[in-house]
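In the two complexes below, chain A is the common chain; its partner is chain B in one and chain C in the other.
Let's turn to the complex of A and B:
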């Protein structure tokens, strides 16, 4: 890939607790040129019956991506920067394995075009040293793209965590979630 | 050498070897013991045999991956079930719609669909003509009783005759020129996209995306060159034209199993994925415990639990359930709830 300035000091930090459900990221995501004007980010209520809290989900860019592993068409690849790319359009057969296997519920299958698409952290922008669209517009910094130093100063009471437990399974990711100080992992269920 | 052979995949090697024997057998049978085989095309034949070996090899390796093997197995199982007729008809319909007309590309972009269709139609037609020619299945002879009637032979039998200069003769002898024109139009449309689309510019690679298009254009242009040479240059540049054309075609054939063109063979799996979805829906849908809505077939979820476990992703939970029982929205909510819980326990939601 025509990579010139991928700045690996910059990292993606997510804090769903800060999401106010404004959907600005959703609009911004559709501007990303790699998605063909489709929004890939997920914003929704967690459980509308009991709370108005919303959550936001980008691709976590797993170290060992379940999506790519279960893909029968070898359509999903991870590059040297740890970015897990959207399905290769010539290979994807639209089977939805990735949609159902991703532990974070990220990929989206477009039925009409028999194609899966997902967040690739705005590769057109990040590979040119820019921030992903969503992180540039998030008013509450639920989505933050910057250096570790910056986030440490802004959130002195929190730490970035990238280890997730699903039962016995441990998943590590490139994208981090901001957790209370002292936390080393998130136990999902 | 022995070590190299040892690293190869055994089953794939067997399949690939068997397929080249099949090719050789049908070449011998179709050309009537090589009587009708055109020796000028021998380099193309070697290229084709290599391509068949490579494709069979890669396809066999591909089928050994657990998710692919599962789809392969399920596709045939569901096709050859009591619903054979409806599934066969459905597959035929989808084959026409999505494989031949490539309608699934249409929603991704009209011009993109048109460009890709041109590429595909041109290539498939060209293969349909050149493979039988290379295999010696088709050849043309001048009728012994005439100086202007050509006989077309298929498998050694005369199937049709036509007069030189008639429309049918022009179409037959220039069919590959039309294919080249169609492929070039398609390739130019696709090249234009690659030059102007910001998303493609960011993610494309030279060998993965540009080279295939260059190769197709090179094959088309050198192919047209051969016709141009004998039509307008009295064959003066024939050797140059035919050698450059042969080189580009053989490069294409050698590269067919490894590069982007392999998707031509993978694409058929889309038909299997469709039957899988339809049969799965019939067998019953899974309901997400979080959203309380149907989101996928039970068959799919259960198959995926097994396959992902085989691949080192065991999503089983302590309560006997599985993280995969949740729909994508359910999974996102589960993560958000876990995050909320951790924040709550710490006594601080922000900061």
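Let's turn to the complex of A and C:
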């Protein structure tokens, strides 16, 4: 493999309030050579009857990824940059443990191929100094890929948060969610 | 004989729309392309930069173009999927001929041209030159727009040329000419960045111009307040600081009331009004009775919200006002635009950094396409076809006698009406799908059926072209070099990624050949698109839309040049009016009095609900292109009737029920979508579909007296529950326009 140009200063930020529900991220994600026209990022209405608000879910790339922990085939790995890679296709046994374990509901088992697939933060692009496809095309920049310093300057009213409480479980992630100033963690009960 | 030659099912079976998807493994060679071509998206007025991947003369995919300054790689779903057309199974590869009882059969170009020209000559000999009309569109490049303006007048010798910009931004154009003397947004988008207040009226920005959303958020990050005027809570309205849910058809009342508040509170730039404007007193006098109470009653917007909007606007030091079709598609579209301009002028916030105003032009070349002569009343450089000096200037460039230059013709909808009356007998169209995009389209269909001869130039067999006698297989955006002018006035370069497939030809070559056969070949002898552009530059010189200083080389070197650009050493003009010298006769910006008047059709006991129409993010205009792209169709497969639960409960309507929407023009069935994001007295249907689910069966064909834009955005309707749930069949086939 060529020497990686992965820039560790570049981080992935998600600001749900900016999401306009256009699905450009999904369409662009599906274009990746390894994705077979399937998207690894998902946009949904929260409740269309009352609001046009949408939510976008990308792999959060956990510090201690539950998907990798529960994988009996050791198919999911986290690299030195903190990117949690999609299942190694020669190892994945399609058991869906990761699908059930992920607190964010990210991995999807593709029945046709009997494989789990998920976002690997466009490793082919990010390791070549480019932005991930979804954050590149996102027209509102709800998905933002840049340095911590850039986002601090550009969006002074919000702060990145990457600590989640799921009941007793605390999860830290590589991907950050932009929250109102003062927020330090997101509590999901 | 422009009726369908066979059943609509048979036509759809052969020519679609069919949904196209990229193969799972990608198109062959996509990941090892022969070349990557920098060009622009073919859809809206943002004209986002994009790179197309090409393998073996086929477009196989895209790569973001990070360096293009407007969008820096950002795209909407339509932009991401726009590459799926050149390789599409519905792509027309040959000229076609209508054969009664058989359908459309491929023929030789020579036969198609011969038939077309002989019919043009027959009709014009029999009924006069103006009995043959032409309809064009502003997805075409500047070169083609210019060339078609010249073709219609010089080769076809008809006055009756108009274009689909008539359904787009003509109200804004007319208003801007009245107020400023120039029809262009006053600033580039970068002036949004530090505007303290951004007011957007009648524009579903995040669905129709998604990539502009980033600029709005940049401003908000810098502290801007966002005010949205819209009967619906659109995605951009959802997080706005202030949302004014205006009753469709009452925008000028709202802006009139705001003007009165600005005056009453002395939130005015008196120096600017005094020295650089005229008509202030008349404009104020027209709104002297427009109290907050009155405005609340008329517009349905709470008085305190109107007051707050006026206060934010009035006290701001910098501001940007934008509007789009929501206020322009009205019989008082021009009035609505002028009522917006009045509040911009009253506060003097124009011609300065972060102080801007303008329409958000809808179509890809909605800006450039409306400047260079394929409007019925216009000559290149935004000149006036009734002005003797302008006629002389252009006649000399075209090498014709001024007396042979036709005069002002009919506007698009009037042209259809003239066909219906039997006055216009023949039609050539390019880049226009009026059977879907014009209002009251049952009337449009009747008109088409009366034509003695109809020839359509297009790359897919669109719904209107199903009625044609001859179809000339033309070129896609990526199949022909040229320029377009974006909604911010930036002239950019469209590059040819591939040559037209099969026997399809470039539009330019089709028009040139037709001109030659009509005996005007010497006037249409262009070696390439650049030669047309160079003639356009000369023809626009000295006009208000002056492109003389813009060259292909300068565009490529600078990623676009903003007009006006009168000389080769002129840098272009991203921001107008910095010198406060307006392009009007007296050099001043003009206030215009805007007394409020009702829409052409108001609700009554028989038709008690307001109907408005618009777009969704995954479809573009009449859908001729986007209803052929699988993922875009699947995202929003069929038009839904957006209705507030309170209104729905009056009729016992539940989500997913099939509802008949009836107006004085016709009726159609739509599944109900119950949403709290719309006014309780208004329903909304998007208009991208044809056939039985076409919203434009219901809309009204009344026109603004000045701009001649139809009143798409407001009419009266009645809702009738069919008693059944909407079927999946309807959802699965809507894109095909049965």
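The definition used in the following text is that the second predicted complex is superposed on the first by the 182 of 189 C-alpha atoms of A that agree within 3 Å, B and C clash if a C-alpha of one lies under 4 Å from a C-alpha of the other, contacts with A are read in each partner's own complex, and residues count from 1 in each chain.
FYI, contacts are C-beta pairs under 8 Å (C-beta built on N, C-alpha and C of every residue); 3 or more make two chains touch, one makes a residue touch a chain.
Nothing here was measured: the structure is a model prediction, and the numbers come from that model.
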| item | value |
| --- | --- |
| Superposed partners chain B and chain C on chain A - clash or fit | fit |
| Dominant contact partner of chain A by residue count, chain C or chain B | B |
| Touching partner for A:155 - first (chain B), second (chain C), both, neither | both |
| Chain B versus chain C as contact partner of A:33, first or second or both or neither | both |
| Partner chain(s) touched by A:106 [first = chain B, second = chain C, both, neither] | first |
| Contacts of A:16 with chain B and chain C, given as first, second, both or neither | first |
| First (chain B), second (chain C), both or neither touched by A:116 | neither |
| Contacts of A:53 with chain B and chain C, given as first, second, both or neither | both |
| Which of chain B and chain C A:93 touches, first, second, both or neither | first |
| First (chain B), second (chain C), both or neither touched by A:41 | neither |
| Minimal inter-chain CA distance - chain C and chain B, angstrom | 5 |
| Shared chain A surface residues [contacts with chain B and with chain C] | 17-18, 33, 36, 53, 155-157 |
| Chain B-touching residues of chain A, taken from the complex the two chains share | 1-2, 16-18, 32-36, 42, 44, 46-47, 53, 55, 57, 64, 66, 69-74, 85, 89-91, 93-97, 99-107, 110, 112-115, 120, 123-124, 127-128, 155-158, 164, 166-169, 177, 179-183, 186-189 |
| Contact set on chain C toward chain A in their complex | 21-26, 31, 61-62, 64, 66, 71, 73-77, 79-81, 206-207, 210-211, 213-214, 217-218, 221, 233-236, 238-239, 617-618, 631, 635, 645, 655, 673-677 |
| Chain C-touching residues of chain A, taken from the complex the two chains share | 17-18, 20-24, 26-28, 30-31, 33, 36-37, 48-54, 131, 133, 136-141, 154-157 |
| Contact footprint of chain A on chain B as seen in their complex | 62, 65, 67-68, 70-71, 98, 104-109, 197-199, 201-205, 260, 263, 266-267, 269-270, 273, 276-277, 290, 296, 300-301, 304, 307-308, 311-318, 322-324, 326-340, 342-343, 345-346, 348-351 |
